[in-house]
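Notes follow once the structure below has been shown.
Per-chain numbering from 1; labels A, B, C and D assigned in written order.
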Amino acid sequence: MRTLHSAKKPDTQIKLFGQELRTPILGAPITGNNFNMGGALNEQEWAEAMIQGCLTSGTLGCTGDATDPAMYRAGVEVVSKAQGQGIPFMKPRQLDEVFDFLRQAEQAGVLAVGMDIDAAGLVTIPVSPKTKEEMKTIIDNTSLPFIIKGIMTVDEAEMAVEVGAAAIVVSNHGGRALDHTPGTAEVLPEIASAVGGRLPVIVDGGIRAGIDVLKMLALGADAVMVGRPLIIAGYGGGAEGVALAIRRMTNELKQAMVLTGCQTLKDINIDVLF
Amino acid sequence: MRTLHSAKKPDTQIKLFGQELRTPILGAPITGNNFNMGGALNEQEWAEAMIQGCLTSGTLGCTGDATDPAMYRAGVEVVSKAQGQGIPFMKPRQLDEVFDFLRQAEQAGVLAVGMDIDAAGLVTIPVSPKTKEEMKTIIDNTSLPFIIKGIMTVDEAEMAVEVGAAAIVVSNHGGRALDHTPGTAEVLPEIASAVGGRLPVIVDGGIRAGIDVLKMLALGADAVMVGRPLIIAGYGGGAEGVALAIRRMTNELKQAMVLTGCQTLKDINIDVLF
Amino acid sequence: MRTLHSAKKPDTQIKLFGQELRTPILGAPITGNNFNMGGALNEQEWAEAMIQGCLTSGTLGCTGDATDPAMYRAGVEVVSKAQGQGIPFMKPRQLDEVFDFLRQAEQAGVLAVGMDIDAAGLVTIPVSPKTKEEMKTIIDNTSLPFIIKGIMTVDEAEMAVEVGAAAIVVSNHGGRALDHTPGTAEVLPEIASAVGGRLPVIVDGGIRAGIDVLKMLALGADAVMVGRPLIIAGYGGGAEGVALAIRRMTNELKQAMVLTGCQTLKDINIDVLF
Amino acid sequence: MRTLHSAKKPDTQIKLFGQELRTPILGAPITGNNFNMGGALNEQEWAEAMIQGCLTSGTLGCTGDATDPAMYRAGVEVVSKAQGQGIPFMKPRQLDEVFDFLRQAEQAGVLAVGMDIDAAGLVTIPVSPKTKEEMKTIIDNTSLPFIIKGIMTVDEAEMAVEVGAAAIVVSNHGGRALDHTPGTAEVLPEIASAVGGRLPVIVDGGIRAGIDVLKMLALGADAVMVGRPLIIAGYGGGAEGVALAIRRMTNELKQAMVLTGCQTLKDINIDVLF
């Protein structure tokens, strides 16, 4: 906590994937409304709530992928209708499916595309880890910026840089894929330090309030992804709910920046935690 | 715990702001009786309980500041009626308001004045952090000893010394201003060590019994401020309740000094904790 | 957690006591159905569930020993009927009883035999610790591979190697023999490191899921023993229940290997924990 | 935990104050049956339960002191009737009372006498810490071995040796005298190490089972004092109850020695804890 400084009206802007965003809080890739969220919204309704809510609050949302390829397709279509302002994520499927999914994203004119490879242990879809060579083949195969979500070690962050990823997401799939694996906040500092600015480092996992965003940025992240709070907000209030939740967290982030003396996101470093 | 020594009747006296106090326990600045404490007392009644209760038990109390400037004024008036034996605190308002508030305090003939700058994140009053230069301007603008409450880092403690503060209060606003910020007991030792006696270091936060006072003094504080226990005591018993609570904590402090071998407050050092 | 690698279909095979096993999960020695498990199964029924369930799932089970020598004998007979594919364990009884028990095992043609010397504090049977010399005499007295279960320190692991044990089990008898003794996972790394591959190091204690197996192997174990989950499974479903439980844990282990990049059990090292 | 050794039938004997005891577990000084224990026993009944119960189980009990000097006297009389086989403890009273209490103990022919100076913070009796000089005067004033109970630091242990104490008890009065003071197990190792065998180091505080005795001896104590469990046992079963409780804890201690490879109390060192 710091009180003697000039950061009276902090600025939370950030440039990511060529876009000027008003907040470093992105909407995470989420699907499976029926089996994960109770099904009050269908895939398209949910994707619209996420993508539009993020745009309204000056940031970007993602869409996801699950068992039925139609779920991925629904997300791509919603992003397409939003002039491509969103990021579809695919599961680490077989290479031919990956290529097909990349084509769909390209034709939809999306901003960027990603793979949540932290889901490589799923037994309900044919997914698998990818070797460095396979990942390079995938990335070389598309003209879109490609984000790898599920990096938890320095060595794999290094691989992500080498194969040409546009960004990484430090993620353990919300802690639901491998019990007892470290939290993302534990591994983030050494990963961010190793990456050293060569690509943006995004992080997710347990971010529930603006102070959590401050902490993740202090630990080295450039931006964060938020999932669960946006599900609650989006199921309750659609796009408006999502936008409200992001604005609330952004305001909390600004208040935390006031009380730690950070005028811009770049000022948020490890010292603000102590 | 120590039992073989001569500290049979410890002395808790301390000299602060030119006053000889019988105990190092000060009453913290508190306002907002309606929205914070349920409103059974009005601002003036509460301030009288605090200021008179502290005087009765041989120490000093503070008054506070909140949304309506009348709250600050009520506190100043109560201190004035007590021959100035009390310390009004103002929020980190706009400079012109600060100057106005300083004038009120000076005209009331108070002992000292303070600013709880740890409230700089409030959104209900126009407050803000202050730069080192602004703080110097404020302090240069008054003839009263000026206390900065809300110092949590060594660098800002150093600034407080440089701009001419009469004392600092190591405080995070009771932990209510910035979630997950360190506790005052964590940062106190290095701040007290850096200050090195150039000004008195007061601390607040979670002090509920005499043993907590001993611990804060052992960690480097010269005196402490207590809030919540005095609200409970003052709402239950007015000035008499406040005085009773301070005497109880002072007696507990004496008993703790007996069992740690400390004859005077100066004898309370880090060794008594182990 | 690792996701960029080629461990898409991990292999959990291991060679132990000359046998090719499909999983490193062994069934622990358990007896006392009446006083420990409620008695819905008798000794023979339980031993059959354990031994057959393990064989069905491609691994080995143990039988145990308790107050009445008939319990040990029942286990040996069940192993005998399974063509010796199982490991009878005896308590650290008086030497003459130990020799008698070894003869029974040899005549039954079992694969290996063991002693759970971690039960040396029992007061219901005449048992005791054994000196290094006594243990050497015991091992020299039998032609069977002899497993010492109950090693918790480096010095005693060294003794076990020196007296010719075929394997050790790092075990504190499920934490039920000596309150406040360290957990097996705490002492395993230094024991495994000291043994350095001179004999197989097995471990038990609190292993409830495949991720626990991964952790024990990462800490240096070659294989694990599981007790309580197999009691639950065996009491509910007999040999089929035991086999199901082992397969479930083995599948969980494989999924954990996928998400940590381990193609074989030998690839599971300390790095997978972080 | 150790299982490969020769400690099959451990010996818990110890020589203290010239007596051969069968166990290192002493009964702690306890009084105030009316205000501390509900009053079902009077002072004499309780002292007899404690002193006789300890003697029956081959060890020594203490009697105590509280507000009314008659309580101390009652204890001395009970010890006297037991041929002096017990240790009266007095509070750190004014010197003239201390001298009077010493005379009573000497005339009763007790084995040794003690002072629980950890009660120096009591406000219900005129007690106080004692300076090193006062303590030397006290000890020089009696022909009895004198035990100081309430040593929690190395420097005061050193003073105890210098003034001629016969033993010290590392004690914080059961944690009830000074909140947040360290536990006795925390400070015991460095005190025992500093004393280096120049006098017996006894410890109390939270000892509830034989394994706790093992841990305190492993941390450097020569013997322990037990209070609360003996109150429960003595109120339920008189001297027989006290003896039963001590035997149970002694048997637990033996079993713990079997499982840590300790043949005598001298073999119990810091290594048994890991």
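Everything below uses one rule, namely that contacts are C-beta pairs under 8 Å (C-beta built on N, C-alpha and C of every residue); 3 or more make two chains touch, one makes a residue touch a chain.
All values derive from a computational prediction rather than experimental measurement.
Trainee: Report, in degrees rounded to the nearest 5, the angle of the rotation taking chain C onto chain D when the C-alpha atoms are fitted.
Mentor: Best-fit rotation on C-alpha atoms: 90 degrees.
Trainee: Over half of interface residue numbers shared between chain A and chain B means same, under half means different, so which is it?
Mentor: At the contact between chain A and chain B, which are copies of one sequence, the residues are largely different (under half shared).
Trainee: With chain centres defined as C-alpha means, what is the inter-centre distance between chain B and chain D in Å?
Mentor: It comes to 45 Å between the two C-alpha centres.
Trainee: Provide the C-alpha centroid distance between chain A and chain D, rounded to the nearest whole angstrom.
Mentor: About 63 Å separates the centre of chain A from that of chain D.
Trainee: Among the chains present, which pairs are found to touch?
Mentor: Result for touching pairs of chains: A-B, A-C, B-D, C-D.
Trainee: Show me the residue ranges of chain A that touch chain C in the complex, using the header's touch definition.
Mentor: Spelled out, the residues of chain A in touch with chain C are 92, 117-118, 120-121, 123, 128-132, 135, 148, 150-153, 156, 159-160, 172, 177-182, 187.
Trainee: Which of the residues in chain C end up touching chain A in this complex?
Mentor: Counting only chain C, the residues touching chain A are 1-8, 209, 211, 215, 255-256, 258-261, 274.
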